[in-house]
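Pasting the structures here.
Here subunit A shows up in two complexes: once beside subunit B, once beside subunit C.
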Partner chain A sequence: MINLKRTLLVLAVVILGANPICVLANEEAHAGEPSDKSKEIGEYIVHHLQDDHFFSLYKAGEETVGFPLPVILIDNGLKVFSSGEFKHGKAVVEKDGQFYKYYHGKIYKTDAAGTISYDDKHHPTNAKPLDFSITKNVFGLFLAAFLMFVGFLSLAKTYKKGPSNLPKGFGRVLEPLVLYVRDEMAIPNIGHRYKEFMPYLLSVFFLIFTLNILGLTPIGFNVTGNISITVCLALFTFVVTTIKANKDYWKHIFWMPGVPVPFKIILAPIEVLGMFTKPFSLMLRLFANITAGHSVIMGLIAIVYLFQTQLTVGGSVGISMLLTLVLFFLELLVAFLQAFIFTMLSSLFIGMAVEEHAHH
Partner chain B sequence: MYNLIGAGLIVIGAGLGLGKIGGSAMEAIARQPEATNKIQTAMIIIGALLEGLAFGALILGK
Partner chain C sequence: MEALLNQFSYGLFFWQLIILVIVIFILGKFAWKPIVNALEEREQNIEEALNKAELARQEMARLSSQNEELMKQAREERDQILKEAKALKDGIVNEAKTQAQAEGAKLIEKARIEIENQKKAALAELKGQVSALSLDIAERVLRTQLDDKAKQQELVNNLLKDVELN
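After this line comes the complex of A and B, so read on.
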């Protein structure tokens, strides 16, 4: 039984690991002019970093291999159809007399011929329907939620049996991480009220960690490198901090005790600004780190077919693989570090908000 | 072109900052090895704040 499980695991790793190689093999076969190559690489990286309605795994010739995801539009009623109907932007989809076209990752309303009009900056001016589709990123979030659910359910089950039970299987990995969040982040920063915030901190930590690790698999997720996701996560921290703040916190923002009055007037706007810059930096840090990591890894993989004439095939593959391997280890560290930093700073901000000051 | 020079300047600044943080942390750990964990945590937090600043500047400069 265990052997079967292991074999399946190894097989899955091999199959998933083969994907980028397939991509590269195809890119090599279709390599054109050298100047085209670097442009193509740039486009490919940008395309990977963006959200998409179609889950593409790799390219086989001109055909993209993957699976379509459901498109959900609210435009004079609910409209649900498969994103495969767009045929990667080549086809116009008609639903209840309204035509839709897929263009550069967004869905636009068009006429029957699918014309898209542009303004002078080459941005489409067509109207957009309200888009609630299950995109690649939403799919990634669902997958992360599912993985976390499975992992933590097994952990919770062992505690149900009795307090002295050791968690089995994957739960044994998760328990120290939970304790780490509690003992290293929550208790030192928040103090005796830490229990209220543990659910939030644990959710944020494990969500970011899972998504970062998923982003390193060749499936091609870039969820935490999407600014909308990080804005949302930072907003949660902002809301928790603002709602749970006690009157000492507000006093220290608007009318700091123990400071001369002229300074109070100068400091109050700065402190108010600080309320917003803290979640803003949280948002930017996670987004920029993950985006930078993904771009650099993809750029290093691109060495394979960028320097083939200078270094020969073996040389370029060797250098690329070596550099990518080293960077992947660094990114494993970054994946954990960013989850750690986000949770750490969140608990620090929450701790500032709920701290009871000695009265001056 | 100019934004590349700007990016270089940002990286120089961030590098100086990180070097200073790392150097001081090393000295502090050498002086008090029993406080290593606390010093490391503080170091990472300051490093993250600096990083947020640098990344913000890099993105705004782009």
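After this line comes the complex of A and C, so read on.
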């Protein structure tokens, strides 16, 4: 317990201490150009919320400090190169006679000059290659998976000496969480068949939880706030629910027992729609909560720059720090809560699909 | 919504899918299953241990009540034996007493009869001696008073009668 407290404390200090510095560094980088500050901050936040091919830690002057990540394109064969070659969108990369340009987080095919044509909404119309790059979010995923492997394989090892061998160290934190997933989500919702869904529920819970927590570190992942990730997670729950569903489940969808025939006909499309809205709500809820949390925290940090003239430097920093601190703890709660809600609802949906109804 | 769709990346989706599947299968095989099984086993062990403890407690209670019962019985038996022994002792003592008394009485009676016999013998001897003495006396008297013989005989007879009455 003391370990966890200490870890959280260190985490809090690091995050609260480092985030404004990132933005500050970024601000200074643009100090030379006369531009609208609030618009720029807005762009910065949007940029942060998006995936990136370059792992940027902070900006110092004109230099972005960080490290490039591998770009993997499938476009007439596999093309692998470092994202450093793009020089943050300034350079056009040529591979096997094909030119690529990095523009606002996406890779486009261009001509040798790197011309990007736009439609009337200022969206690029250039073709995009299939992009399987190890982006910042993929890196975050690998990191989270790695952390889970380390944590849970060692936890599993402690039980090899017999079930009465209690875990030590960090395992003491993980074991109650595993029990929590089992006793609060799996068993109450699924019932006696809970065991076959435990691998899925535990994987999803800890993956989301780890990614959410990583998202709160100054490294600045926003993985669970990315729609591709939540689509994948929700799709998984949908697939598991649909595959494992029993006869009763389908009967309740297409021919609801216990209601008059006209209602059966009305209910069927609603229930069918419900099959899809359930995972859709899972997808949006996780995405929206995490994205909102990141946006608000970054917005509050931005107070430091926006209100410097009105509040003086000390005042704006103080207010920003105070608000960010409060919100950060809220976000810690949200990080857990969203993992909990996703897993909880997944087990609820699975439970509905495998439930054996008493006949009405 | 458009921004959302724009944000959707097949690459990221692909990697997420791969990683999720890997996590589910590898952790499922090497972590989740052993962990969940071990937790369940531990819970069963605890439950079993608690049940066993409860059974042992009941057994203990049963044994101790049995012990108490045995103790009670033993105590009663002891009391019974003591009582019987006391009665036996009293009986023996009484019997011995009566026997001794009877023996004593018998001895006394014997002694009395012996004394009586002795007395009778002594008396008979005495009588013989007295008669001899009397005869001696009478002889001497006769020697001296031979003339009046009838008178003397009468006198001796009277004397002997008196002696016998004593």
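Rule of thumb we're sticking to: the second predicted complex is superposed on the first by the 328 of 360 C-alpha atoms of A that agree within 3 Å, B and C clash if a C-alpha of one lies under 4 Å from a C-alpha of the other, contacts with A are read in each partner's own complex, and residues count from 1 in each chain.
Note that contacts are C-beta pairs under 8 Å (C-beta built on N, C-alpha and C of every residue); 3 or more make two chains touch, one makes a residue touch a chain.
Quick caveat, the model's predicted, so the values are computed rather than measured.
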Looking at the overlay on subunit A, is there a clash between subunit B and subunit C, or do the two fit? fit
Contacts for A:I290 in the overlay, against subunit B (first) and subunit C (second): which applies, first, second, both or neither? neither
State whether A:I229 touches subunit B only (first), subunit C only (second), both chains, or neither. second
Between subunit B (first) and subunit C (second), which, if any, makes contact with A:L300: first, second, both or neither? neither
What is the value, to the nearest 10 degrees, of the angle subtended at the Cα centroid of subunit A by the Cα centroids of subunit B and subunit C? 70
With the two structures laid over each other on chain A, which partner does A:I45 touch: subunit B (first), subunit C (second), both, or neither? neither
Taking the superposition as given, does A:L345 touch the first partner, subunit B, the second, subunit C, both, or neither? first
Who does A:L337 touch here: subunit B (first), subunit C (second), both, or neither? first
Please provide the least distance in Å between a C-alpha atom of subunit B and a C-alpha atom of subunit C in the combined superposition. 6
Residue overlap on subunit A between the subunit B interface and the subunit C interface none
Which stretch or stretches of subunit A touch subunit B in the complex? 184, 281-282, 284-285, 288-289, 292, 337, 340-341, 344-345, 348
Under the touch definition given earlier, write down the residues of subunit A that touch subunit C in their complex. 50-51, 72, 123, 130-135, 137-138, 141-142, 145, 148-149, 152-153, 155-156, 159-160, 163-164, 175, 178-179, 182, 195, 198-200, 202-204, 207, 226-229, 231-233, 236
Touch list for subunit C against partner subunit A, complex: 4, 6-17, 19-20, 22-28, 30-36, 38-39, 41-42, 45
In the complex, the residues of subunit B that touch subunit A are 41, 44-45, 48-49, 51-53, 55-56, 58-59
